[in-house]
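In what follows, chain A forms one complex with chain B and a second complex with chain C.
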Partner chain A sequence: MARPAPSQVLRRRKVRRSTWLGVGLVTLYLSVIVLIPLAAVAWHAAELGPAAIWRVVSSPDTRAALQLSLFSSLAVAAINAVVGTIIAWVLVRDTFPGKTIVNALIDLPFALPTIVAGLTLLALYGPKGALGVNLAYTRAAVMLALLFVTLPFVVRSVQPVLMELEKDVEEAASSLGAHGPTVFRRVVLPSLLPAIVSGAGLSFARAIGEFGSVVLISGNIPFKTQIAPVRIFALIESGDSAGAAALAVVLLLISFSVLLLLAFVQRWGRKGDE
Partner chain B sequence: MSSGRTEPVAPGARGSRASRYGLRSVALVYLALILVLPVGMVFFRTFENGLQPVLQALSDPETLHALYLTVLIAAIAVPLNTVFGVFCALLMVRRTFPGKAFLSGLIDVPFAVSPVVVGLSLILVYGRTGWLGGWLAENGIRVIFALPSMVLATIFVSLPFVVREVVPVLQEIGVEQDQAAHTLGATPWQTFWRITLPAIRGGVTYGVILTTARALGEFGAVSIVSGKIAGQTSTLTVHVEERFQQFDLVGAYTSSLVLAVIALVIVLAMTVLKPKEAGS
Partner chain C sequence: MTISAIGITKRFGEFVALDDVTLEVAGGELTALLGPSGSGKSTLLRVIAGLEHADAGEVIISGEDATGRPARDRGVGFVFQHYAAFKHLTVRDNVAFGLSIRHRPKAEIARRVDELLHLVQLGGLAERYPSQLSGGQRQRMALARALAVEPKVLLLDEPFGALDARVRKELRGWLRRLHEEMHVTTVFVTHDQEEAMEVADRIVIMNEGRIEQIGPPRELYETPGNEFVMSFLGPVNKLGDVLVRPHDVELLLEPNGVSTEALIDRITYLGFEVRVELELPNGRKLWAQTTRESAAPLEPGRTVHVRPRATRTFDGDGAETRPAGDSPWWDRRVTMEVHHS
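Then we have the complex of A and B:
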């Protein structure tokens, strides 16, 4: 069979009928599972109208929850950017006994159910914890839970980039007299930056929606430790599903814009490679 | 432990030995405080009062029912998402159609949605006042506070994993072998089972592991739509919270331990099966 040249294929390509059938089936599944339910949230919020949404979001307790969520998620993303990069560095460039086990354990927060994560943290940092500190029902506890569940993101996005990074470039820089920190800042950091940003962005998106790990250890005290998802939960429980939908839409908008931004960052990172 | 060894050191790297140990300590102390010690603590706390209360909590009918329900939901959600994931990945890698990038973005949407919002969204469709609520009530079908909504919530949150793992594998293997099979007269179905599926087996397995982990461990979305009826709609994660709220710490820790052991097995499987580019 003589095949037409690729450029011709691109220009003349007609979408095959079986492809349309496949796209239809995929869209149907996605619609039933994801899109229709999310549309219901948007619909219920839209029915309220912008003014009412604003009233819900700016009511003192909801605003406090949203603020806490935003600030703690930002802080968690920042801490992960630093510590996650250090952990990735140690896992790639350092050698020590037990490294394989440590490397495997990084994935544990992805595999451990969030409610169990919350309980484990409470067992150590709650009342009668082994370390003698009691963080239960404080904002520090909220941070701790968020740091636990978001641990893998930056490590796992920086690790492969660090592995591919040519060591010769660093060695050349040091042999030309650049010191460790300078080499890191001028040579290593720029190549890692897209990976760090995308890992931090993913941790932010995960942290702002997190529920299970926070619910036991934070105590869910309004104005103090109640985060936005827990606030939504409280609104649902009290039968105010319209208010819950309004706050849910705000949360969805925040995480969608972060992920959209990340898509651009990734494209920018890929351009850097070429 | 390499202090006794002499190793080739790059010219500028000599002064960095101290910083290397420094970074290593920061990383390990952080991991110990946030990950290893808390998880270890649960093992310790569970067996604090000996084995007897643990066995008792394990044989409690509510715990057993919760375990059964968790496995049942995963047994429905994981195969559905696996078939969907492989099908969708094949479509996105091997076919051309307008709106592909948009579809690819849509697949990732569940990653960006809070579990609480997932639960809320299902209530707004299937709940008493939801879009389909009236019709469902007339026909006597229970979705919310029953198994169907818990399955739907689990499918929602674990949807993207198989697609995300299979797409890069499919891109890498290309289409030559499939074309060869086609030329030799194989039907598309035969080609899929004999050529394509064996070639993407690694990616599918890895995706299935991630999907299973998420399906077994989902709490927020499931707890909202389940109504938390003990002994009826409690999954193992919901059971952990319920036991904790009832001040039955042994019960909460025991169920947590079961889930933690499953998680450790999953992490082990992930390490063994990890796609190659991350390991070399």
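Then we have the complex of A and C:
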């Protein structure tokens, strides 16, 4: 092997320097925006000590709220994984009048202030609901609100992957004798899975921290419809800010472990990619 | 295992991709569909495979009417230009796909896949993923995958189109040898005349949704049925309505009575082959293909004497005509500057 030319060495060193600059800037930014606030929450909770945290978390009403949040968020993630994929499929593969408008509509739940979303849902599905269905103060209402605010995640993560999926891969499968459902299950789904999983993961994380859209329609009935973020709000209102921080840390830990788990699943699923 | 495509018409909106095309492929034959892009060659292949449905016409594969059948029931192996690899599956699972969806016994699948991987020389790469293979290896994997289900016919759509020139050459020879071993009726699409001539037993030349001519490579080259076929199968000089292959332009240092003077514009060396660009007394340009030895005494600016060994003329309908009249070959239908030595 010949020695690299001086210009090459120079370029390599340059790349390295700019890389460090990039990493430095990203770290600084993340610290200011994310890490320091999260650390402050954790610090606030840690002042209580593990025993006190446990006492807060294991109090019956907090535990019920935590359970409701966890299970409804899991259910929301699962429903989004299926429905979001179907919506993405229809938006990419089918043509129908008004498709552009429907496509733009998908992101609106992000734009709408969540409290407005809650109000609207209450007006439509509440006691004097225009649709004649009263879901107010039930767990179904909690799910409804969570599904509303998490709709875009799976759709938006699956859509670009589906668009880039080469048609000839499906054609190859059918020329090899596969029926439509087999083609979907054995060829299309495995390609979409990483995107579905990541979209579902984001849905979960968003759902477990959601407050605004749920607070009005759920009625916040302890042991029934009170979710963990609302419980935190209740703790703050009653002056127990350390307890609130403790519960927040638990929520953060749950989200973090789910996202971490998904990252590993992604990595494992990506083994066949470039 | 024959293929008949009878009276196939296919439109994409206003565009007529195939216009009442009829093609018969004999069993065990290796046929090339050759034509420029937009000539309908890929569409015809996809209609045969059932990946595209014709607006009119029927497809019969080894005696059975396949016109209304979906691709999965046609017993056709299809190889795509861009490999269409299943990226999430290993090479082994890619090749096994057709067998595993048919729920064949595991041991049988394993044996068959090993056999095929050996055949396409990917034996050592069975556990790799497609992304870890080169383009040529991916295409060989795709071929093994198509062969695994023992198709009645093998269809390849520009199979070497995405590969670099060297690998393309290598795979051509390899496809030829594979065909000699397997004898599966094979049709492949290409826009590369050299590839078609090198690999195929028979070439189908297509243009604007129609078949221009069908025949063995040599026959097509030597007796092209019309101007399109002649110019698509190799370079030509067109002088008025007279067509001359550059290798049929003979360059003489001295006049021989039937030759005409020409001025050398430019000489390009391509190794053994040398291209000599010439200008005739009437201002027309042509080029001659010659060898390094013959070109040794030539240099730009020098006058040489040119004589065609063979010329062809086609009338408006494309049929061949015999040269007539007294004017010289290079100046027919040109009234001015008739100059003859």
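Methods note: the second predicted complex is superposed on the first by the 224 of 274 C-alpha atoms of A that agree within 3 Å, B and C clash if a C-alpha of one lies under 4 Å from a C-alpha of the other, contacts with A are read in each partner's own complex, and residues count from 1 in each chain.
Just so it is clear, a contact is a pair of C-beta atoms (placed from the backbone, for glycine too) under 8 Å apart; a residue touches a chain by one contact, two chains touch by 3 or more.
All values derive from a computational prediction rather than experimental measurement.
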{"item": "Touched partner set for A:E166, first chain B, second chain C, both or neither", "value": "second"}
{"item": "Touched partner set for A:S191, first chain B, second chain C, both or neither", "value": "second"}
{"item": "First, second, both or neither for A:S174, with chain B first and chain C second", "value": "both"}
{"item": "Touched partner set for A:I86, first chain B, second chain C, both or neither", "value": "first"}
{"item": "Contacts of A:F96 with chain B and chain C, given as first, second, both or neither", "value": "first"}
{"item": "Contacts of A:V116 with chain B and chain C, given as first, second, both or neither", "value": "first"}
{"item": "Set intersection of chain A contacts, chain C complex versus chain B complex", "value": "171, 173-175, 177-179"}
{"item": "Of all residues in chain A, those that touch chain B in their complex", "value": "13, 15-16, 19-20, 22-23, 25-27, 29-30, 33-38, 40-41, 43-44, 83, 86-87, 89-91, 93-97, 100, 102-117, 119-121, 123-125, 129-131, 144, 147-148, 151, 159-160, 163, 170-171, 173-175, 177-180, 183, 205, 208-212, 215-216, 229-230, 232-233, 236, 241, 244-245, 248, 251-252, 255-256, 258-259, 263"}
{"item": "Chain A - residues contacting chain C, complex", "value": "166, 168-169, 171-179, 182, 186-187, 190-191, 269, 271-274"}
{"item": "Complex contacts: residues of chain B adjacent to chain A", "value": "1-2, 10-13, 15-16, 19-20, 23-24, 26-28, 30-31, 34-39, 41-42, 44-45, 84, 87-88, 91, 95-99, 103, 105-125, 127, 129-131, 152, 155-156, 159, 210, 213, 216-220, 224, 236-238, 240-241, 244, 252-253, 256, 259-260, 262-264, 266-268, 270-271, 277-278, 280"}
{"item": "Interface residues, chain C side, partner chain A - complex", "value": "49-51, 70-74, 76-78, 80, 82, 84-90, 97-98, 101-102, 129-131, 142, 145-146, 148-149"}
